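Common to both upcoming complexes is subunit A, partnered first by subunit B, then by subunit C.
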Partner chain A sequence: MALLGVPVVFIALFSVGLRSNIPGAPVAFSLSNWSNFLTGGGGAFRGRFVYSMEVTLAVSVLTTLAAYPLAYFLSFVARHRRYALLLLLLAPFFTSYLLRVIAWQIILNNNGVVNSLLWDLHLRPQGDGVSWLIYSTFSVALVLFYSWIPFVSLPIFVVLENMDHRLQEAAADLGASRMSTFWKVTLPLSLPGVIAGFVFVLIPTTGEFITPLLVGGPNNQLFGNSIQAFFSATPDWNYGSVLAVALIVVVVVLTLLFGRFLQTDLRAEARPEQ
Partner chain B sequence: MTAWVLDRRRFLASGAAALGGAVLLDACGSPSASHSSNPSTRPPIGKESGQLSILEWPGYEAHGTKAQTNGLLAGKNYTGKFGTSGITYTYITNDDQALEKATVSGPFDLMHPCHENLQDYVSRGLVQPFDSSLIPSFSQLNPFLVKKGQINGKQYMIPWDWGYGSLTYRTDHVSAADATGWELAWNRKYSGKISLWGGASTNFEIAALKLGFPKIDSLTSSQLSSAKAALLQQKPLNKLYWDNEYTQLQPDLKSGTTWIGYSWQDTLVTLSGEKIPVAFLNPSQGRLSWLCGFMLGAHTKNYYHCHDYVESFINHAACAQMTNSYYYGTSNATVKPSDIKNQTLVKALKLGDPTAIAATDVHLQSWSPNRKDLELAWQEVVAA
Partner chain C sequence: MRPVSRIGSAGLAIYFWLFVVFLFAPLVILLIFSVNSSPTPTLPLAGFSTHWFHEAFSNTVLTNALVRSVFIALVAAVIATALGIMASLGLMALRGRSLSMALTLLLLPLVVPYICLAVGLLILVEVLGSGPSLIAVVLGHCVVVLPFAILVIMPRLRSLDPAMNEAALDLGASSFAALRLITLPLLAPALVSSGIICFVTSFDEFAIASFLAPSGQPTYPVFLYASARTPALLPEVIAVGALIIAGSVLLVVLAEGGRRWAERRLVGLTASQEAVLSTAAAEQQAVPVAMVND
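Our next item is the complex of A and B:
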């Protein structure tokens, strides 16, 4: 708790002017940065925050939707090869995150793999690349989707693996079709994994800054980039702390919200055994 | 299974402990003015560790280090004498970031920022004056540049490199009629093909020049608002705010991803050398100019090594080779125009005359009294 709390307290102190990153600078309690962010000229940051949440939600939903069939395939179709395939799924994570994002830069760049292929296949005139492939919302969402899909698949896979398969057999014995069994038995029982996976991608992505920094371009930076910039490129730790605290509050609220959902679902799952 | 429940009492106790810890750490880490090391207590060079931590731009590492891949000879005398294993570089991509890293990421033995924020380095207690008598080539330095590195008569910065900032553009894509002034970066015809630098101060200086403000580093609040509005107008035309000249801007200009980019003259030289049709804009409002140099960390335990390191960069041979590699000017006045291979560039960039950076048709980037407002405004531009 102290390891978590001390940095947050520090950031809170910076956000109200009680600390400064400039040696010797006067410090005094002030809510001016908060006022600027919440109601004043900080509209750009509020707008960036809304945009970031939209991207984050879209990425989280799409990643979860795509991860489910993947986890389902591993658990119910791949059978004996499932752990080998799981290892393959995780193989990209043996290299650093930064390198993987840079690899996407090479793929999506104006002269990158995709555009070169389009030119070679004469699908587009030579030199005329698809401009939205990189430095766009698409490129940010795509790389985030790629980065998180294995993490989202894992909790869903674990829940599906631990599911009592006799329930599905019972549903089939009672005349339920495969689709009906999926919708009425498998999916409801796997919801804790789905929610856990959704939270896995949602929470970290709210503060993401590396991906938009490398493939986002000037118009597609996320809220995390503004925070990072205030702590490095244009140092104003006080204002940056306001943004950081605001983000922490959002993450805490989201965690509590989804934590409640998870708890409810697990209890519901446990009830028949009582 | 035992559930760990965080009840209200435990939560408050943990919170109080965290707050107490923070206050304690806060007290321990309170910023205070730094003091230079006392000359009488300084150990001789043989007793110094020689482990140098240097704040540097990519591309300027000492000769012989693994990081130096551009063939620069500067630093060769130092690494020949002390080896390369003791040198560690921390990189900077713009001057605002340099000041920030020097403040919170150090301490550094040596730093190589540009001169505009020199007084902040001094007032924050990050640097101490050099002893110029320990640097044999110091006497060869141009007095105009030497003066720029002084505060209250003390030599806080040893000037090394100087040059210009402007727009490098592809002459095969950009019409000569459009390449007249800084407004080229606002030309909608080239939307998506422009790439400005990610430096806050520089972009406001460019906007100020475009808007015709006379004091580009001392903008009034209304001028700052106008410059911000201009940058907001420019932003959608921008492909990228680049951070790294070698891995982003130059490859993009070369490939045609970008046709117009803010750069220094080395980009012109590099790309021209590769037969890419480029030109370095001479805006009607004037180019920007800059001067960078070495600063000595206030708490360095390698005082004499640092002086040796700087000497290995500012001597005649190192300076002449650097100019021939990057076509930047250097502070060593013994480097004459005749030492430089490309005489066309020497004349175009007035490389034989360091005072050219303060001429009436260029704007030497200087200290900005309202940098905090400017940086916030820049972040608003980036976030918008």
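Our next item is the complex of A and C:
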């Protein structure tokens, strides 16, 4: 626990100038880095932050939308094979994250799999790659979408499995069509799982920095990359800490905002009195 | 009426299987290029060759990085699982609000972005004067994998019948003997799962290792990242990557199958939702589902 708390405290100290990584530099409480980031000349980082949140939100929404039918298939169509198929869906998730990003790099590269296929099929002139395939918002979003979709279908599947299926039968008995049963019964009841899935992408993607490093161009770096840069390439730990604290605050706020919608087994188990 | 029409079922099935193809395609492509003789991973394929596997295993930087990562992951998995047992036993004693708070604290590393934790730990080791070291990497990994250990061990601990422990105590066992002879053996399947999940997560962790591993001692993901930007190294990396992908998929299937089999033997548990939940816990960056006030 201390191992988590202490680093966070130190980041906070650095962000207000009470510590410095430059030996001999004056150390004093100062909010100048904060005001620079929030209102002053740090507009580039504010812009980076807005871009990050846009990408993150888009990826979270798309992933959740695409994951719903997967979970629905597992729960209502696959029946007795559903756990085996779920495992199939989750298996890629257990392989190295970096390797999967590298695989996408190979696929999307300027002379990668997709482009060379297009050339071979004479759909595009030889040597002329599709420019937005890699080092673009598209490539960053695609790889993030790819990485998270198995995991998002999981909470939706759990909710669909736990649903009282007699409610759907009742709706059908009372004359509802399949469509209206879905829109009026199944979907509203599964919303907690949908929100959980959404948050499952939203939170980790907010701090993502590996995918943009490998498949993003200079304009597609996310907020996490800005933090990373301040601690490696151009060491300014004080400014970097400001960004890190800002990111932690955003993530904690998001968790608190959405966390109350998460109603899963562990939580139910944790409160047996209810 | 079936919940989904025949046409709907077929449509959903097609959608599902297309997604399976989408999910596995990049992995299959890595496997294909690992046995492709060309030094660049591009089409058309140049011919079958196991050349890159030989190259990879004679590259000592790569093999050392692999050994380093295995070692770090083993240590982190053992420490985190041990801490996970203690934390779960402690959590069992709590109820209501204090339980919610303790869970929130313990699961917090799941929401704090790895990059923030990584730079925080970097600051910490610099302030302490020790600088980046492999020990720092192990400790950092313990922090991030501990929540997974708890998420796997706690549900299992809760499902145990408290009467068994009480019976042991009534029959004169010390509380330590009851723990060792009754609780721990019953927890064994969860402990194995926890160990595997922590191992896999630590083995694959990049953010913390990239900041805390000393410059001459990269872990495997750190090496992987560096070589993704060095075309000459790429084929070797792909070869080892292909082996690791095959290995980890196998491990997951075996672990999940083995755990269900063992749990069914122990308490007649059917393949239930609990299995799904602990798979959920296995994820690299989950959201602490219990980390809510009310």
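One rule holds in what follows: the second predicted complex is superposed on the first by the 249 of 274 C-alpha atoms of A that agree within 3 Å, B and C clash if a C-alpha of one lies under 4 Å from a C-alpha of the other, contacts with A are read in each partner's own complex, and residues count from 1 in each chain.
The rule we apply is simple: a residue touches a chain if its C-beta (ideal position, glycine included) is under 8 Å from a C-beta of that chain, and two chains touch if they have at least 3 such contacts.
Keep in mind it's a predicted model, so treat the numbers as computed, not measured.
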item: Partner chain in contact with A:126 - subunit B first, subunit C second, else both or neither; value: neither
item: Broader residue contact with subunit A after superposition on the shared chain, subunit B or subunit C; value: C
item: First (subunit B), second (subunit C), both or neither touched by A:158; value: second
item: Which of subunit B and subunit C A:44 touches, first, second, both or neither; value: first
item: Partner chain(s) touched by A:180 [first = subunit B, second = subunit C, both, neither]; value: neither
item: Touched partner set for A:111, first subunit B, second subunit C, both or neither; value: both
item: Overlap of subunit C and subunit B interfaces on subunit A (superposed complexes); value: 1, 4, 6, 8, 10, 19, 21, 109, 111, 231-232
item: Of subunit A, residues touching subunit B in the complex; value: 1-2, 4-6, 8-10, 13, 19-25, 41-42, 44-45, 47-48, 109-111, 127, 131, 135, 217-219, 221, 225-226, 229-236, 239
item: Subunit A to subunit C touching residues, read off their complex; value: 1, 3-4, 6-8, 10-11, 14, 19, 21, 66, 69-70, 72-74, 76-78, 83, 85-107, 109, 111-113, 116-117, 120, 146, 149-151, 154-155, 157-158, 161-162, 165, 168-169, 172, 178, 181, 186, 196, 199-200, 203-204, 206-207, 209-210, 213-214, 224, 227-228, 231-232, 237, 240-241, 244, 247-248, 251-252, 255-256, 259-260, 262, 264-267, 269-271, 273
item: Contact footprint of subunit A on subunit B as seen in their complex; value: 14-15, 17-19, 21-22, 25-26, 31-34, 93-94, 96-97, 99-101, 103-104, 123-126, 192, 198, 200, 235-236, 238-241, 252, 255-257, 372, 375-376, 378-384
item: Subunit A-facing residues of subunit C, complex; value: 1, 3-5, 8-9, 12-13, 15-16, 19-20, 22-27, 29-30, 33, 40-44, 95-96, 99-100, 103, 105-106, 108-109, 111-117, 119-124, 126-127, 139-140, 142-143, 151, 154-155, 158, 200, 203-204, 206-207, 211, 221, 224-225, 228, 237-238, 241, 244-245, 248-249, 251-253, 256, 271, 273-277, 279-280, 282-294
